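Presented sequentially are two complexes of subunit A, the first with subunit B as partner and the second with subunit C.
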Partner chain A sequence: MTQHLLPLFVAIPLAAAFLNALLGKKIKRLSDLLSAVATFALAAASIYAVLLFKETGVIVYKVGGWAPPIGIAMVMDGLTCLMLVTVNVIAFLVSVYSIDYMEKYTEKWNFYCLFLLMLAGMNGVIISGDMFNLYVFLEIAAISSYALVAFGTEHEELEASFKYAVMGTLASSFILLGIVFLYSFTSTLNMADMSMELAKRGPSQIVLLVSVLFLMGFGLKSALVPFHAWLPDAHPSAPAPISAMLSGVLIKSLGVYAMIRVFFSVLGATPQVLSILMTIGTISIIVGACLALGQWDFKRLLAYSSINQIGYVILGIALGTPLGILGGLFHLLNHSVFKSLLFLNSGAVEYATGTRDLQKMGGLKEKMPVTANTSLVASMSIAGIPPFNGFWSKMIIIVACVQAGHFAHASWAVLASILTLAYFMKVQRYAFFGELKEGLSRVKEVPLFMKLSMIALAVLCVAGGLLLIPGLSGGLLNAASDAVLNGKDYGVIVFGAIK
Partner chain B sequence: MKEQDRGMTLIVKTITRLTVGLILLFGIYIVSHGHISPGGGFAGGVIVALSFIHIMLAFGKEVAFKTVSQKVASVFESLGALIFVTLAIVGIGYGYFFLNFLAKGEPFKLFSSGLIPLYNMAISFKVGAGLFIMFIILVMFRVTKKGEGE
Partner chain C sequence: MKMLLQPILISMLAGAFILLIPRRFRRVIEGFSLITALYLFAASIKIFARSPIHADFLYVDGLSRFIVLGIGFFGALVTLYSLRFMASYKNVSTYYTYIIWTIGLSILAAVSNNIIVLLTAWGFLGFTLYMLINVAGPAAASAGKKTFIIVGGSDSLMIMGFAIVWLITGELNLSNIKIAIDSSLSFWAFLLIAIGAFAKAGAMPFHTWIPDTAKEAPIPVTAFLPASLDKLLGIYLLARLVLNVFILNSFSYALLMAIGAITIIAAVMMALVQHDFKKLLGYHAVSQVGYMVLGIGTGNPIGIAGGLFHMVNNTIYKSCLFLTGGNVQHKTKTSDLDSLGGLAKIMPITFFSALIAALSISGVPPFNGFFSKWMVYQAVIEKGKEGGVLWIFCIVAAVFGSGLTLASFIKLIHAMFLGKAKDATRNEVSWPMWIPPVILAFLCIVFGIFAYIVPLKYLIIPALSENLVFIGTWPSMKAALFLLVGLGVGLLIYLAGNFKGVRETASYIGGEEVTKDMRLSGTEFYNTIKELSPLKGIYAKAERKVFDIYEQGKRFAFFFIRIFQYLHNGVLPTYLGWCLLGMLIFLFVLVR
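Coming up: the complex of A and B.
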């Protein structure tokens, strides 16, 4: 019976989204309630999924009762559990934050409808065991995110959304082309079956071509450096809760997760691919940090910082060693917590003062104590100050780099970490410390729900380091890194788990 | 402007009056026979939407809104998606998500293949209403530069 949990991750947000579209306009406050209840149910289900995974191991769900490889499969392994927890817990807190924040926009129910559709798409990408379904869910999430970036419908937002839509569609086309080649080569769309078929046929030119296409496609989705140009426009233009979702979880589930799944589990991670990913990751770390330093727009700075931090995640995972993968995945989880918190902070500041320009702020600490203190926690976490969660994951990644003998990568990572500290000190100094600027004397702290979700995320930042103790997290991180390390055994494991 | 002056010429209006019912009927036929012949919810939904778009092109948008308003179309769109998800979730009660739990019947008969005709119907609601709304939006919204009035 418990296996029916899997399709609910897609079904609940879809049903809630369309109920919102149908009834949200007529019944006031219903869309707030519906979205909060649905995301809470999903967050609870994702935590239950972790406990379930500990007992039963890998679960394969046959959609419609048709057995894979003919039928569509949904697969839950360790990596899936980690991603589900990350996405759904953040989505719940963001949804609570939106209750107050979205009051300043009209047509709130449309916002919730798109938000839940995006969530359904992300959960679908994570849980799907079928290559084409992965693409379909990826498009659902991507298209709703294009609409959400344009939600303010001002000139700047529409321009950013158009740029994002063009780049995103380009990425989707690369991914679709890659899937087409793989399908014509292996005659199957089931990822487990595909992985076994590719292993049987050995190395070939077509796999190389597909690798390049996927590298471009998922690289664009996860905004790694040569493909990052859309992110600094798109993420700041969206409403703050959506910026938090985009930077916090969307680029990870559509970009990083899909990339790991395809490269490690299906195509097989060759040393060439890993070294390319490692180089791209390191370049992202440096370029992201340098560009973030020069920004004066609060949200734009955070957007560049996302590029910087995604570089760490990719660097860790591309090391290919158990410690590196553990560190990369842990940093992925941590980054989604503190980056969402920072975007929510920037939203709170914008809500209270009406500006995103750091030079126009100052001394907000006395007027907005909750926002200031939570953002201090998040800044310390992202800069890697002990004992916050960011410290542990960055340390693991750097230690793993040194262990694997990549001293250059390790030293760049350390240097960029200092730059991260520098640009977040800049945020703290200009926005929250110092003299209170004129015209800001009437600023008030934000409403209750916004405060609640910021405090909850700050607590997660502080407590995040405890996840490294396997007893406390239910072995979440180890199970996830094992799932990545299993690599091409994915096919055997999935077919072994079909009941 | 008088009502008969809106839209296109008399020839177009007369032909539209004659054909529009047939187009709608053909759309419904494609939807309802989706499981036994080429076509289905998507293709049928597009044809149903085209019949309303046809009215709008020939008679102008005021007449078209009298037959189907934007609000009604939007309700149908959400309803279609909801029916689809609900049918899929009901399947869990019978054993699996998306399980086809109705009797399959005899192949190539109109009332056969269990839930598939219902899924087709839900898709046709979603696609038909969605396409109609998209057309309305493209017709109604005009890009204005800053400072320029409507």
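Coming up: the complex of A and C.
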């Protein structure tokens, strides 16, 4: 019975999106409620999934009762659990935030419809055990995100959306091309089967070519340098809740998760691929940090910071050591919490003051205490100040780098973390501390639902470090890093779990 | 174990509880904070008395036990002082919360044996410092930002340093680690951790946050953190590294000595020309670190003892100076030396406390500052027996720096307390504000005169495993007696002489009586120095912040930022070009 939980992660948001499109316009407030209830159910289901995973281990759902490799499979292992919790908890809080924030836009139900479609796509990518379905869900999520970036339909939004769509489509095509090559090579689309088939056939040039295609495709989705250029336009242009989703979870589920799954579980993470990933991870860390430091636009700064932080995630995972993978995945989880919070903060500031320019803000600490304090917590977390969650993952990544003997990578990571601290000090200094600027004296704190979700995320930032204690998190992180470390045993594990 | 964890836990909870008390119950907040601070002081005395304590990840030995005592002591004193001083500030509840947390976490940092616990406590202290600076309001925002970037940034370097230590030894408990610096790896580990200690204590080149903070932050915060607690912790960590964790090679020792000597002389030169007394004291807070680093850098027992003793003394007289400065600022609402003067008659208690502390910091016998400096000098001379020329530079810097310290304090005392008053309608501050400086001034005398039988015996010598050998003994009690007798005789001569014949008159210049606009302020004493030819250029550069590692780092970073910004031109085909280029490189790397 338990395996029937899996398709719900796609079915619930799809159904909610459909109902929204159907009824949202007619019944006022229905779309708010529908979206909040659906995402709450998903968040609860994802936490239940973690507890379930602890008892049963890997779960495989056969779509339509057809057993893989012939039928389509949905697979839940440790890594899936981690990603599901991350995506759905953030989605719930973002949905609560949107209730008040999206009031200033027209056609709110369309927004919710796209938002839920995007969520369905992300959950689908995470839960899919099949290469082609991974691609389909990836496209669902990506296309809804193109539309969401353009949601404001102003000049800037449309331009950003266009760039994002062109580059995103390029990446999707290359991913599809890679899948086509793999299909022609192995004659299967099921990931577990493909993994075993590839292991049987040994190394080949096709796999190398596919690796390049996937590195580019998923690298673009996760905004690694040099494929990052769409992100600083797209993420700030979207409405704040969507920026939080894009930077917080979309680039991770479509980019990082898919990359880990494809390289570690299916293709096999060769030292060459890992060293490429480490290099572009480190470059992303530096470039992202530098560009963020030079920014005055609050949301653009945060967008560059996402490039910087994804670099840490990739660097940690690409080390390939247990400690590195643990640190990388933990940083992925933490980053989604504090970066969503920061985007929500930036949204709150924009909502209250009408500007994104840090030079026009100042002294908002007195006027907007909840926003100021939660953003302080988030800034400290992302800058890696103890005891907030970012400190632990950053420390683990640096220690893992040193442990693996990559001193150069470690030094860059350390230097960039100083820059990270510097640009968040800049945010705090100019937005919240400092003199109250003229014209801001009548600024008020944001409405209740926005406050609630910011506070909830801030609590997660403070308590996040506790996840390192396996007893408290149900072994969430360890299970996820084990799933990555299992690597090519993925096939055997999945077929072992089919009942 | 329980004895150590309990105060730390209580400080966390009490601090959080203060945030819950509504702001209008100001007295409740203050009273509760004072009680907590006194409790923490009592707990630190208990820890001091019961040491050594070995617990799982905590560890109190001779070195950390007196650091704990100092933390508790200064915590209580500063909280008492804040009752009145902070009365004019709006957000006192956050202030007291962070003060209480700082006390608890500092104790944790001092007693932690586990690297991760140490890093956690250490890093969070940077955050509390940042928040405490920001209590001062919008004006302090820039200083807070700079401070936290330097202090918090150095924490990242420390993580890397400790990671290398862990790589070499596979050990997380400091008491089990002993690394010889014989490879570049272990040297880097030492250097990176030492940078953390330097940034906290304020040794060059990581000192630039201290003068800025001293100028902007509320005075109790400066007296508490940069002047006392950060010194205690920074120098504690350095001493811990040198004594227990690393076996230094001659190059590392020389490096420490050079950093110490440069810090002494450069910071005191900056202090000489300041017009704001808070900034002046801030530069002295840097300069004094030089003596500690120099003492520890000699590596011989007397040097380390001298460095630690100087650390204790410095925390005493420096917080005394900041607190007396706070009294002056509280009454006059200014910290500009040019507009102060003649306060000695109006605020006698403050004046005498400040005078004693100023004499101590300048190294005038029989006060405590002299004694510890004397120990550091001996250690440098002892080091000189090994040959080389570095020690000559160091001893010159140390002695000369001491002289310049005296010079700048003559200016400070004159400008604040002597000379002609601007307007003389104020009175002495209330008791919560003068008791702490008086206690500290009293300690300056006690630690100086009874150096052998009180501080050295109970605090310093237990921290070292070896016995102290003095080359030149300074019979502090006898000397004090002689000084007192000498002063007494002088007084007798004065009284016996015809002092009735002395004519008193108002001060005059060129036969003219001094009018208000001709008033001489102490700050003008040293304008000549600023004009001297080689120094002029250096001072000009210092004013442009050429020697500020923060500003230079910023310039360096922005050089790259401009390049990256230029590359991100927003043109879609360019971005697509990058993607293709990236793919080609990957293909080349993988297929080759």
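As a convention for this text, the second predicted complex is superposed on the first by the 499 of 499 C-alpha atoms of A that agree within 3 Å, B and C clash if a C-alpha of one lies under 4 Å from a C-alpha of the other, contacts with A are read in each partner's own complex, and residues count from 1 in each chain.
Basically, a contact is a pair of C-beta atoms (placed from the backbone, for glycine too) under 8 Å apart; a residue touches a chain by one contact, two chains touch by 3 or more.
Bear in mind the structure is a predicted one, so any value in this text is a computation, not a measurement.
Student: Check whether A:Leu14 is in contact with subunit B, with subunit C, with both or with neither, and answer first, second, both or neither.
Tutor: first
Student: So which one touches more of the residues on subunit A, subunit B or subunit C?
Tutor: C
Student: Answer with first, second, both or neither: which of subunit B and subunit C does A:Val136 touch in the superposed model?
Tutor: Neither partner.
Student: Between subunit B (first) and subunit C (second), which, if any, makes contact with A:Val63: first, second, both or neither?
Tutor: The answer is first: A:Val63 touches subunit B but not subunit C.
Student: In the overlaid three-chain picture, which partner chain does A:Met395 touch, first (subunit B) or second (subunit C), both, or neither?
Tutor: second
Student: Touching A:Leu33, do we find subunit B (first), subunit C (second), both, or neither?
Tutor: So A:Leu33 meets neither subunit B nor subunit C here.
Student: List the residues on subunit C that touch subunit A in their complex, please.
Tutor: 116, 119-124, 126-127, 134, 138, 141-142, 144-145, 148-149, 152-153, 155-157, 159-160, 163-164, 166-167, 557-558, 560-562, 564-565, 568, 570, 572, 574-576, 578-579, 581-583, 586-587, 589-591
Student: Can you check the complex and tell me which residues of subunit A touch subunit B?
Tutor: Within the complex, subunit A touches subunit B at residues 4, 6-7, 11, 14-15, 18-19, 21-22, 61-65, 155.
Student: With touch defined as at the start, can you tell me which subunit B residues reach subunit A in the complex?
Tutor: 74-75, 77-79, 81-82, 85-86, 88-89, 91-92, 95-100, 146
Student: Subunit C touches which residues of subunit A in the complex?
Tutor: Against subunit C, the touching part of subunit A is residues 163, 166-167, 170, 205, 208-209, 211-213, 215-216, 219-220, 226-227, 229-230, 232-233, 272-273, 276, 280, 287, 290-291, 293-294, 362-363, 380, 383-387, 391, 394-395, 398-399, 401-403, 410-411, 414, 417-419, 421-422, 425-426, 428-429, 433-436.
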